[in-house]
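Letters A, B, C and D name the chains as they come in the text, with residue numbers starting at 1 for each one.
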Amino acid sequence: MAPGRQVDLNSDMGESFGPYRLGETASLMALVTSANVACGFHAGDPRTMAATVELARRHGVGVGAHVGYPDLVGFGRRAMTVGDEEIATDVLYQIGALLGFTGAAGVPLRHVKAHGALYIQAERDRRVAEALVEGVRRCRQPVTLVAPAGSEMERAAVACRMPVAREAFCDRAYRPDGTLVPRSEPGSVLHDPERVARRAVRLAADGEVEAADGQVIPVPCDTLCIHGDTAGATQLATAVRAALEAAGIGCGAMDSPALAPPPPAPG
Amino acid sequence: MAPGRQVDLNSDMGESFGPYRLGETASLMALVTSANVACGFHAGDPRTMAATVELARRHGVGVGAHVGYPDLVGFGRRAMTVGDEEIATDVLYQIGALLGFTGAAGVPLRHVKAHGALYIQAERDRRVAEALVEGVRRCRQPVTLVAPAGSEMERAAVACRMPVAREAFCDRAYRPDGTLVPRSEPGSVLHDPERVARRAVRLAADGEVEAADGQVIPVPCDTLCIHGDTAGATQLATAVRAALEAAGIGCGAMDSPALAPPPPAPG
Amino acid sequence: MAPGRQVDLNSDMGESFGPYRLGETASLMALVTSANVACGFHAGDPRTMAATVELARRHGVGVGAHVGYPDLVGFGRRAMTVGDEEIATDVLYQIGALLGFTGAAGVPLRHVKAHGALYIQAERDRRVAEALVEGVRRCRQPVTLVAPAGSEMERAAVACRMPVAREAFCDRAYRPDGTLVPRSEPGSVLHDPERVARRAVRLAADGEVEAADGQVIPVPCDTLCIHGDTAGATQLATAVRAALEAAGIGCGAMDSPALAPPPPAPG
Amino acid sequence: MAPGRQVDLNSDMGESFGPYRLGETASLMALVTSANVACGFHAGDPRTMAATVELARRHGVGVGAHVGYPDLVGFGRRAMTVGDEEIATDVLYQIGALLGFTGAAGVPLRHVKAHGALYIQAERDRRVAEALVEGVRRCRQPVTLVAPAGSEMERAAVACRMPVAREAFCDRAYRPDGTLVPRSEPGSVLHDPERVARRAVRLAADGEVEAADGQVIPVPCDTLCIHGDTAGATQLATAVRAALEAAGIGCGAMDSPALAPPPPAPG
């Protein structure tokens, strides 16, 4: 491992809505380095956005737009067949809305991450990936796109020279081909903080993980996702953060100067 | 009348939604100088916003955010009792969303105008007016607020040195006290293009209008509202524009250099 | 107190939405006799409605429609100026939607209760009260309207011979004139289970309560509201239920035969 | 052709929303025999539903629920991956809401038809078809399901003895396999009233149509869809109705006694 290695820890934040509370935003904000802020389409509302951005500012956490499908009742987790221009303009609308709040708080918008079904579709579907990236590109801000290494999203971003932070998941089981074991399968989500923390260190230090079949596979990783809506999220994040520090790996927002440069275009 | 007098013509634009079309945006855009773009709360959607901003850009028309209550089915025309922070953050969210599209089109956001019930409440209710202005202020853009002379909105904007364009209505009947005759009363809306055009010239040139009782009253006017959702809107706008030109009054977006400075704080 | 006195205990239920959970529906259902089911306008969604009606059926709890303004983000708590026909048709739509689920579960729809701002406005504003009752009347079901004694709602229901269950609040402070101390004032909500239970017994047995100034005032009461969204709701409901039973007061759904007849039309 | 042959003419109605008008509901109501009323998920609102049901009642037109995905901005035309219970409860909610209005008008609910993406998915996808039929079944009303002959929807309805009205399209081109030419292909929609009327007569009288390649194929038809949102809808409907009458084919709502019995279960 290179000296001075650093990794970003990102978490979904601001998923409350009106009278409803969701997630452990307040306690997680002290542990992560990037906050993916819901923008009102799949979760979040203007008050929640304002409070979440302000909380991130106070903790020096990087703020990003967590953009999703317009499906509040389904929490943006239902796949939709949405046209290119619909995706691009929905993404731009959500980024813009968040820019209102980052502007008010005097902090930059640092990254964009797709949520739920949009993330999953943009991972594999070139058309969706390109529409997503087109929406991000139009906002004309120097933002980083969060995307798994090797995904269509990464490819589309690289193609228009948009910085990418390659995302890995320390609490999810991987298949040998580098994709995640679906949540519907047993053992897909890891709950033991010790084990999750060890995987986090290996991903951050060496860019590799042990797949479900025991094979060690490469998973390039600039940012680790810390799930915020699962029970015990804060405990898990605390263990990950401690293990990284013990291993001499710093934590910093994904677009900080110490971050590795975005990956070259594949092929 | 001073030589070189100029007035802005503003109109509500981009009020379509999904499959639904509303207003004469395309034909009016060639006639007005400022477009109030609906931002998705009372009307409008991301595709409509993108198309409307692009159309405005091509015509050199100034783009502003038309912000309203979150009431799509009621078109933002139903009074609501909304908290200060709710108003400010709803306004900021809508302005931000539009900033995504103005940024993409490479045009500045020039103004903000409240819509429907929010406009009416902010005219008279100091708390609502201050919350609206607070939302506009937070976006940290050099925008002009559209507000009737003498309104609480104007007062709140002036109090924090926000430029104001004083709005007058050439197709509405005025009471002697300078307020509008409510739409529910007969004769409240004028339909004769000739008459409307004459009133437009008098408002723009001399800042006065004949009230319903025949009295001539002062109505300071930096921008004239051209209603876009009424039948014959384009015909009316054509007549107004022609009459202004015949009277030697130029038309220009409200924040252009030739525009009169914002009014001093009252009293 | 008459022998065989019986009171209804009603509670707001099914206020979850999509991924969001709200209230203690599961534990309260074993304690109350009437469930006010949110219908999707201010809270609730089709899955939550189906599950709540099914839970009520299993516990033999009477099902009613909890109808509100279309304001999910504001939880129906923001006053709105809505037209008569808008109120009537919004109410009818919500009742109808719930009738789908009661029909599927094979249970009758027993009552209707207004929620939040609609309840408060219909208490005092004759026009709103009449529009609400008109919406209920149109559903052509033999339902009981829940309304405070002496309210415009009660008056409007009685005027068209709609049964009314007069509602009282055992955990809220009353003013000497029989209205509630607003939530914004200190001491407006009572939290001590013992004290709340004593008030419940006195309301149910004698139709009276001690007001904030110590005066004992008459508050006719066919149904007691058990708040479901406050912390400790289940504990409070348990104490109330136990105290009523200790006092020999039965609990039964509001339209059961033992219930007192609806009040005569005032004056 | 059998003497006394009768066909139903159905059209989508009540697709307006809030301030937005869509379709030619008023003029088409005099020409069709069944109205598919939008229920607020993909289009429609409580006022529009009330007015549409009342208009249908006055014209003696059969009222049915037009149920769709919760996607107002996409008009229910975007495919979604929605769970079985989500589909069933969304369908039940919409049917229930409409039952409020049919009950108020004193007319029965006669049929249910899926809209847009839900119709297309339920045509081919057994899971979606069964979830749709499950939602309809739960409403416990003696309704007829509108579905193309041979579709998964028809199969699922027949499996639980739900009456089916087999739907054909007189203004759409068919492929030799009996499916529609997609709207995205040239020539998919027919606009010539004469030609559309001739196809309507052949479908109603003989249950067959000329496919795009000139072959004559069987298309069993109990109800003909008259599109209401296309320009010239009224003219087209007038031509169809006149041609049917000239051919001695009566028009009547789909569940009237003269209608052919529902098809036997396939296989």
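The rule we apply is simple: a residue touches a chain if its C-beta (ideal position, glycine included) is under 8 Å from a C-beta of that chain, and two chains touch if they have at least 3 such contacts.
Everything quoted here is computed from the prediction, not taken from an experiment.
Undergrad: Could you let me know which interface, B-C or C-D, is made of more C-beta pairs in contact?
TA: Contact tally favours C-D.
Undergrad: When the contact pairs of A-B are compared by residue number, which of A-D, B-D or C-D has over half in common?
TA: Equivalent contacts to A-B are found in C-D.
Undergrad: Please work out the Cα centroid separation of chain B and chain C, and write it as a whole number of Å.
TA: Chain B and chain C have C-alpha centres separated by 44 Å.
Undergrad: Report the inter-centroid distance (CA atoms only) between chain C and chain D in whole Å.
TA: Whole-Å distance between the two chain centres: 40.
Undergrad: At least two other chains touched by the same residue of chain D: list those residues.
TA: If we look for residues of chain D contacting two or more partner chains, we find 73-74, 86.
Undergrad: What residues of chain B sit close enough to touch chain C in their complex?
TA: Contact set of chain B toward chain C: 70-71, 73-74, 78-82, 86, 117.
Undergrad: State the interface residues of chain C toward chain A in the complex, per the touch definition above.
TA: Against chain A, the touching part of chain C is residues 17-22, 43, 45, 72-75.
Undergrad: Taking the complex as given, what residues does chain C use to touch chain D?
TA: Within the complex, chain C touches chain D at residues 40, 46-47, 49-50, 85-86, 89-90, 92-101, 103-104, 138-141.
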